[in-house]
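Worksheet for the structure shown next.
Just so it is clear, A, B, C, D, E, F, G, H, I and J label the chains in written order, and each chain counts residues from 1 on its own.
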Amino acid sequence: MHTIRLIYTSDAREDLRYRDFITIMDTAAETNRERAITGILCYGGGQFLQALEGERLAVNALYHHIATDPRHSNCQVLSVEEISTRDFAEWSMKIVDWNDAVTAARQTVLLKHSGSRHFDPANMSGQQASAFLREVAAMERLLTD
Amino acid sequence: MHTIRLIYTSDAREDLRYRDFITIMDTAAETNRERAITGILCYGGGQFLQALEGERLAVNALYHHIATDPRHSNCQVLSVEEISTRDFAEWSMKIVDWNDAVTAARQTVLLKHSGSRHFDPANMSGQQASAFLREVAAMERLLTD
Amino acid sequence: MHTIRLIYTSDAREDLRYRDFITIMDTAAETNRERAITGILCYGGGQFLQALEGERLAVNALYHHIATDPRHSNCQVLSVEEISTRDFAEWSMKIVDWNDAVTAARQTVLLKHSGSRHFDPANMSGQQASAFLREVAAMERLLTD
Amino acid sequence: MHTIRLIYTSDAREDLRYRDFITIMDTAAETNRERAITGILCYGGGQFLQALEGERLAVNALYHHIATDPRHSNCQVLSVEEISTRDFAEWSMKIVDWNDAVTAARQTVLLKHSGSRHFDPANMSGQQASAFLREVAAMERLLTD
Amino acid sequence: MHTIRLIYTSDAREDLRYRDFITIMDTAAETNRERAITGILCYGGGQFLQALEGERLAVNALYHHIATDPRHSNCQVLSVEEISTRDFAEWSMKIVDWNDAVTAARQTVLLKHSGSRHFDPANMSGQQASAFLREVAAMERLLTD
Amino acid sequence: MHTIRLIYTSDAREDLRYRDFITIMDTAAETNRERAITGILCYGGGQFLQALEGERLAVNALYHHIATDPRHSNCQVLSVEEISTRDFAEWSMKIVDWNDAVTAARQTVLLKHSGSRHFDPANMSGQQASAFLREVAAMERLLTD
Amino acid sequence: MHTIRLIYTSDAREDLRYRDFITIMDTAAETNRERAITGILCYGGGQFLQALEGERLAVNALYHHIATDPRHSNCQVLSVEEISTRDFAEWSMKIVDWNDAVTAARQTVLLKHSGSRHFDPANMSGQQASAFLREVAAMERLLTD
Amino acid sequence: MHTIRLIYTSDAREDLRYRDFITIMDTAAETNRERAITGILCYGGGQFLQALEGERLAVNALYHHIATDPRHSNCQVLSVEEISTRDFAEWSMKIVDWNDAVTAARQTVLLKHSGSRHFDPANMSGQQASAFLREVAAMERLLTD
Amino acid sequence: MHTIRLIYTSDAREDLRYRDFITIMDTAAETNRERAITGILCYGGGQFLQALEGERLAVNALYHHIATDPRHSNCQVLSVEEISTRDFAEWSMKIVDWNDAVTAARQTVLLKHSGSRHFDPANMSGQQASAFLREVAAMERLLTD
Amino acid sequence: MHTIRLIYTSDAREDLRYRDFITIMDTAAETNRERAITGILCYGGGQFLQALEGERLAVNALYHHIATDPRHSNCQVLSVEEISTRDFAEWSMKIVDWNDAVTAARQTVLLKHSGSRHFDPANMSGQQASAFLREVAAMERLLTD
């Protein structure tokens, strides 16, 4: 059995509304728990950036399923690597809305790991995306402590 | 622009015939050349193992297109990594039929990089698959020299 | 003289009861102390995961003896390595029942080091098992401090 | 799936004769081929030293089966490690009789990797045994080229 | 997209006055923010030392534009490297006037990273300039905390 | 004194003719020799890719002079690093016309170090450009041996 | 001049009494101070384990002198290495009686660095002995702080 | 420009008195400040050990000047290395009289980095001298904090 | 069991004659073979330099026995290290008389690994002695090939 | 005893003639042999670059003696490092006249390790000078083979 982390980005459907977002969150939390998948999903500026961690077959099945979801398009895998420890083990799926509360701290985190002050994961390298998500997770952990 | 190498495996459709195989080869050779995609595709025991190298957007677009091809199913990405040099730069797509001529040398290469003497990429780690494909490429280069 | 750490997993006999478990604990604590063997044993979901540290001959003798114990079957060695420092030096055998108190913290530790939220060591790599046991030991040390 | 290499040593039954040896060889060659197990087995001075490479479940099953074989006793595992490439991929089981032809070259190989000029694997470290077997394999490859 | 950090030094126009300095600061703060460029600019002893971080095209365009600014001359690039994390992400452009308040602490920082106690970046290596700017930034962060 | 290597790319003026190219070559060969600058210049598909090695002041002076040459535009520095050994020490300026003789070998070299089969240095990373120029130089050395 | 650390073990004469022990201590403290030798000496279960640090000639002279002392026998050097910093610089000779107060903490330290819960340095590797003595020294420093 | 650190030792003139010492200190403090030279000078047991950091030309000029000073002889350079950060940036010349206050702590520092309890730099390796001076500097910083 | 390599130097008795030398050689060759000890012994300018490889107990017993041999004095151990491969496995004891045939090649080897053109092992570091003996062995292997 | 390599550069006296050069060579060859000093001396464009290898006291004594030789001035040490193997062991002093036969190959070697096509060691870093001298030595070895 191989444990992997897959990171991808995609374009959200333009008319996506808050309600859709809640639905995704609810589904993800439930089905991922069953499949022992953990991860984080950032949404902002019409793009998604998601990390999926878990057993290789399960992560691939989920990813190929998500990729056909009409609520987004242009899925682009940024990195897939075998891991022996997960980065987001405590969350079935941590969802971070990057649209609201675009504080200075958040802008700095974005700039630190990309070429832009806007959330634009399609222009991040796999390494940047991975470091960015780890730092976002660290911020979220601070908030909930 | 990011150059990546994506390696995946899949199950070939059971009734796939030699003619279909030729068709895939012809298409791949032509369209990959246009998109500056290079790689290698092994076929054997009802499974495919393919490496796609090129610009990240192009590789992702091609992969998601291939993944819906009815001639195979259960696509499973084994690794995606950013590279600065390609391993298969001289081939638009090198196709290696692992069914015929299963020589002792070929069996040894398989055993060397996996847990099985049969071509069974779904049970290889990303690292094993990558080393296996590099060694297969080296053998092919010797044959054509 | 060679000091080694051997990690194995096995399937507990289905009708194993709490009483048997206590018996194992008592025997292990006593005989290991005499043989200068230290380690940790996790039990959960019908599987065992045990690390045995000590002199190579003693560890092998004990392991081959345990392997024939009818209270479990399908012993599978995950790793054997020569060490110069032990990880579990303070315990003749630390026994951790992974069935009770499956707290969120414990689930996170499992997910962090495996592909599953259930205790399923037969699907861990040797590296995952070793890191998992070290983290379990760290948690136990916190509890008893 | 995990590919491992397990190295163990044991004491041969005193009355073991050449005929028994041939029988072991025949069985090993055949059953290992089916289970995709590869390796090398040295016999000398009343001791065995064997490396078994393959899928973790298969190697463990075979090892525990061999360990109960009355033709030897005191099996002692020297090392178990996960590998991505095998060292003995071309042999289902290469058998090397260390009793005959104890040439100077062979004695030097023994001394180079152990504390003794006699074949005495029970006193080798796991690292010594592994380097010794690799060098023995290299010598055998030269002979058959 | 490539994120780079470019460090250069130049000679300030001799009659440069405080007013000019303020103008540069105002322009830089505004236009850099739009272009997602971050960095730090030290001024002292008639020389500038500036680090520009951001997307490669944007940084180059800005640098070539700055290089023709009549308020300085003899621009000399000390280093250009691709980065995945920025050092000065929180500042569109941090401006540090090295003329006033040349405290002992500041002199020590200069000596630590150069051959001189005067601010003389044209004689720093790229590595020295980069370490110097990181230490200056750390001091500024302390002041504003 | 600091020895550096600066690599940049630019867009050739559209109406550039063979004659202009010869003129550049003649100037470069002569003035670089005087300034102890060495390097390589590739031309293809309307773009230049040039490496300049030498004393930091001299390389910067030359680069800023070249950058204003009307025969090209959009100069973009890809990397600047301090070196203790030069890669192109035997050439004042080696000029390689990538337009003619676009052999298969040359295409393979391009693909190997970039995302494209066309000479498109503006989309190479600094690391890719540097490895590409070293491999081009190696090919040229073979031709002239 | 070469600074070395020599670690050896030996068997104490059976009838050694506390008085002899005190005599050794007194001599060592005085003569080592004169020769700038530092170190630590553990005594337990009829064995000695001693580290001697200092100038190579002085350490060798002392060691060969000690080795003929009738109060112990079977001196066995475990390691000799050139060092640039000493581990026991603050003690002319720190003497630790491992017989009394064999606390649980002490047993754990022994187990951590050897195959046995008894003080049995003849079965430690050089690396284990060296790590063990450093940890013993750390414990002693805590006691005297 | 190259920044270096040069460490040398020498024999003080036998009749050197405290007054001479003060004179050296005064000169050093003043002229080093002008030349941007920093460092540390230990005096003890009739020997000097000095580290000089700064621009290569300046350090060499000063060293060759000092070497002819009749107040010492037998100058012996222990190491010269190019550095990008200085170790003693805050001191034009820190002078440490190793004769007075030869506390236990000081003796331990000496033993830790040399073969002797006396200040005898002529028998230190370059690496020992450099580590010794850094530890002396750390002690001095503690005293003046 | 621990395999070690011990390197020591000593002063030969002044009146040592060729006959004594032959006697040592004969004894060493025979007794070392029995004890599985291998090594090399250089003699020159009144000094010995010897490497002894083998099981730790055996090497120590032999060394302490040799150290009391009246044919030399002032034995000084230069290094003792645990090894997993021997450097001199093919020789029970290779004896090299450094007095005769002091060719230019031999002098160069001496200079390369020491501060002197004369054979003066008492002034070699452990690292120098070890590299010197390896190079001497390589020269001897060439002679006998 | 410490073996070091000291590299320095200096300005030759303007009226130095070939005869003086021969005299230096003769002296160096003889006295260095006695002191077990080895090295290489390049002369060109009015500058010297010399490496001196040997015992630390001897090298320092010689260097300080050479530094006062009126046939050159402005001695500047570029590096001093402790070594365990010498680079120029076969030459008491190899003298290379960089003035005559300034072949293209020689110019390339200079450019490769410095910022200039002229022999100008005062502008080399210690690392460049050391690599340059090693490459010069390699060329000389080829010539005399």
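Just so we're on the same page, a residue touches a chain if its C-beta (ideal position, glycine included) is under 8 Å from a C-beta of that chain, and two chains touch if they have at least 3 such contacts.
To keep track of the chains, here are their UniProt names: A, B, C, D, E, F, G, H, I, J = BLUF domain-containing protein.
None of the values given here were measured: they were computed from a predicted structure.
Separation of chain C from chain H in touch steps, taking the shortest path, is 2. For the copy pair chain D and chain G, the superposing rotation over Cα atoms measures out at 180 degrees to the nearest 5.
The greater number of contacting C-beta pairs, out of the two interfaces B-D and G-I, is seen for G-I. Between chain A and chain F, the centres computed from C-alpha atoms are 41 Å apart. Centres computed as Cα averages put chain C at a distance of 61 Å from chain F. Centre to centre, using the average C-alpha position, chain E and chain F are separated by 28 Å. Multi-chain contact residues of chain H, defined as those touching 2 or more other chains: 1-2, 56, 125, 127.
Of all the residues in chain D, the ones that touch chain B in their complex are 1-3, 33, 36, 38, 54-56, 58, 84-86, 89-90.
Interface residues of chain C facing chain A in the complex, by the touch rule stated above, are 104, 108-109, 111-118, 123, 125, 127-128, 131.
Chain C contributes residues 2, 4, 6, 56-57, 60, 63-64, 67, 75-82, 125-127 to its touches with chain D in the complex.
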